[in-house]
Amino acid sequence: MSWVEVDRLSVKAGAATLLSDVTLSIEAGTWCTIIGPNGAGKTTLVEAVAGLRRVASGSVQIAGQAIGDLNERERARLVSLVPQHPQVPAGMTVRDYVALGRVANHGVLRAPNAGDHQVVESVLERLSLESFAQRDVATLSGGERQRMVLARALAQSTMVIVLDEPTTGLDLRHQMELLELLKTEVADCGLTIIATLHDLTLAGQFADRLVLLDQGVVVVDGPARDVVRSRELSEHYGMNLRVIDVDGSDVIVPVRH
Amino acid sequence: MRAGPPTEQRVAFVTGVTVVGLVVAMVCGLVVGPTSIGTWRVVGDVFSHVGIGHSTLTGLQSTIIWQLRAPRMVLGLLAGAMLAVAGGTYQGVFRNPLADPYLLGVAAGAGLGATIAIVDVGSGVSTPTWTPLLAFGGAMIAVACTWLIGGKGLRSNAATLILAGVAVSALLTSAQTFLQQQSSANSITHVYLWLLGSLASADWQSVLLVVPYVAVCTFVCVLSGRALDAMSVGEDESRSLGVRVSQVRLIVIAASSLGTAAIVSAVGLIGFVGIIVPHIVRLLVGTSYRRILPISVIFGAAFLVFCDTIARTVMAPSELPLGVVTAVIGAPVFVVILSFRRGSVR
Amino acid sequence: MFRSLRLGLALSASILALPVLSSSDAAATSSPPECVVSLSPTATETLFAIGAGSQVQAVDSDSDYPTTGLPTKRINALNPSVEAVLGICKKTASHPSTKPDLVVISYDANDIQQKLTTLGVKVVNQDAPTTLSAAYAQITQLGELTGHVQKANALVGSLKATIDADIASVPSHPNEKVTVYYEISTNPYYSLTSDTFVGSLLKSLGLVNIADGDSTSADAGYPQLSGEYIASANPKLIFLAGDASVASVAKRPAFKETSAVVGHHVVELSADIASRWGPRLGSLMDQLTAAVKAVLAGQKLG
């Protein structure tokens, strides 16, 4: 069985259907990116995988456990979230913020133990944040802040990380840095990543697998190389998309007629 | 003071100063008063109670110290501590700097309960038995209503709770106003004076009544500091971090409300402490509730006893309303610290 | 579990809240009290009228009569410092303690009655009476407590005489109903019924109180009347015991056409005299009576 199993998931908001009968199987240690036009339901899907949405029908299972049956703390040990617009409370140090990732482990009544501190320090180091550790989070630039939010998710030590548009607000260099970082984590630690990205080229270059979502329904689901070349991609984006091979990597460009 | 997250040294310094302030306030609460009794004679009397030396106070002076000033000082400590920590806790749960302990209807419920007791039960006379009981009951019923309306379910959030609290408060306040305007001028005076809040009717009986509530509720609130810090990133994100948001909210609101209701039933509505003390402490030790809450307990206790000492002494043989003194002293202190810090309020 | 825990706490709280039954100071002092504190303006007037003025060492801030001879120490009756009251008396050879011998209150603020009583001070609560005989009883009580029984009885006697004479002097008027509106406050209009103290005085003068028809049990004798109701009741006599003046009443739309305004039968009462029930009751009754007689005789007032 796959590490993450989404089985006929439907999510509604009032009368509107946000997701309809979505089924996905994601292997451990792979990177799956959800793509699709605006309003496709990408954010809803990843939030549902993280257990933050009320499900109308269907289920999400991680490591064989139905996350709908778990409480927040149990769920937080399986999956962590990097939201698109994280709320970063001013007055906290970077270290304390990253340490929030350990709350699932030690609980809200106990202080972090030596093991927790070690995890936090190692994550800060891996993400080059040690020099910022004592600074107020409000003083960080966009790129640094995004790294910090990722650090918090990594500190949670879950096998699955869900990221919603992690490149939001970052310049190109920081976008690449962040994605390379994630790729390394997948390679070194066997992390399973489920992300949404709007940049098709980056989506194609970094993911093992792409899922095209449109209006709450899975249109295409397969290896990245195949999905980017699929006819459905242009159809659902409503434009003429071409794939160009540059030094062995796929670049997807819209072409005007 | 420089901006930025506080160092451990600064936190330790502030804590130390606050504890010293508490001791000074307690001493003032016993030693200062409209009838002057020498400080050292009071100290001697205290020591004589633990078996060291003998007291030089007269029977009347001893009565004043131990039957009037001491229970009042202790009740002030309990009230100041509870209101401050409840206010800080509410500010953390609702992520709202304007939250005070009366937010979810405690004030309106207690006011209505007291009004019913004074107007109907006592037919114009404030009875010592019924007023605190009905005030307590009214406060808890109000919070329960607010919770039922705005707090249940996965999609409830801080905003719906606050709105529910506003609605419940408005309804109960209007009921109170209706009762008041139907009744005699005597009752209206009684209710008004009760609402003003005062420690003047403190005795050991009311202290004992209040202690268990305040002890348990303060303890629970202080323990919740870590959870409140985790919840500062918003509800969805804190759920994803593993915080059982609904459960934490329920427990924390229950503890704050219960403790506040107990205090209100004993001393009426003392304002200002619950909203301002946590802010002052936040300006001094930063935004982490792990630090704000325990220090607010001490600061609030010291602050209220200090204010009450002034309220009962400067206009002797009359007393000043306590709420006036807390505002007159608290507001400038807050402004001074704010101007030094120019930090952010979470 | 949670609920029953709270219930248990509430029950234990209610048991502990039962007021401690304090032993009142039963032994009557054989010598008259040297230090009396009056926190009631009415009691102050009575004490001075029965000759106990020299024993009064502190009064409340509203006490303003008699105009001379009042002690300088003033206490806010609504927010008194119990501790200060305990230390208010002058120490003399015959009275070595600073504790008062007698404290008269009309409102129990800050739990002062219970606190002082448990500390051995005699506290008497003489709040507003509802009948004349209750008012007389308060005067008699003060006479007994301060050792001026004869003067107190004399005062009561003279008040009774004045009031009885006033009532008798009103000519009988079986064919004419004299309706009265007694105003305590303006905007909204608050009045009082015949169940109240002043209301009973009005009734004894044969007046028909328009507030009697509009009151319910909830307002404890002090109903709020609407302008419309007052206009349709058309009182022949209006007493102003609040802030309003005769001129301002004449300007009110609801009142302009009433018999009282048209016939110039609107009387301003001194707020102090109208709100107290002590030695100046006679003077209050005189004013009320004069007004009634003027209405019956068709004479204008003021």
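Note that the chains take the letters A, B and C in the order they are written out, and that residue 1 is the start of every chain.
Assume a contact is a pair of C-beta atoms (placed from the backbone, for glycine too) under 8 Å apart; a residue touches a chain by one contact, two chains touch by 3 or more.
Fair warning: this is a prediction, and the values are worked out from it, not measured in the lab.
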item: Two chains sharing the most C-beta contacts; value: B-C
item: Chain closest to the assembly centre - both centres taken as Cα means; value: B
item: Most widely separated chain from chain C, with each centre as the mean of CA atoms; value: A
item: Distance from the mean Cα position of chain C to that of chain B, given in whole angstrom; value: 37
item: Chain A and chain C: spacing of chain centres that average the CA atoms, whole Å; value: 77
item: Intercentroid distance (Cα basis), chain B paired with chain A, Å; value: 44
item: Of chain C, residues touching chain B in the complex; value: 6, 9-10, 13-14, 16-20, 58, 61, 73-76, 78-88, 97-99, 107-111, 114-115, 118-119, 127-128, 184, 188, 190, 216, 218-222, 224
item: For the chain A and chain B complex, residues of the former touching the latter; value: 47, 50-52, 54, 71-73, 75-77, 79-81, 83, 86-93, 96, 100-101, 103-104, 108-109, 111, 134-136, 138, 152, 156
item: Touch list for chain B against partner chain A, complex; value: 3-5, 154-155, 223-224, 226-227, 229-230, 232-234, 236-237, 239-245, 248, 286-288, 343-344, 346
item: List of chain B residues in touch with chain C within their complex; value: 33-35, 60, 63-64, 67-69, 119, 123-126, 128-129, 132-133, 136-137, 140, 181-187, 189, 193, 198, 200-201, 203, 205, 208-209, 212-213, 258, 312, 315-321
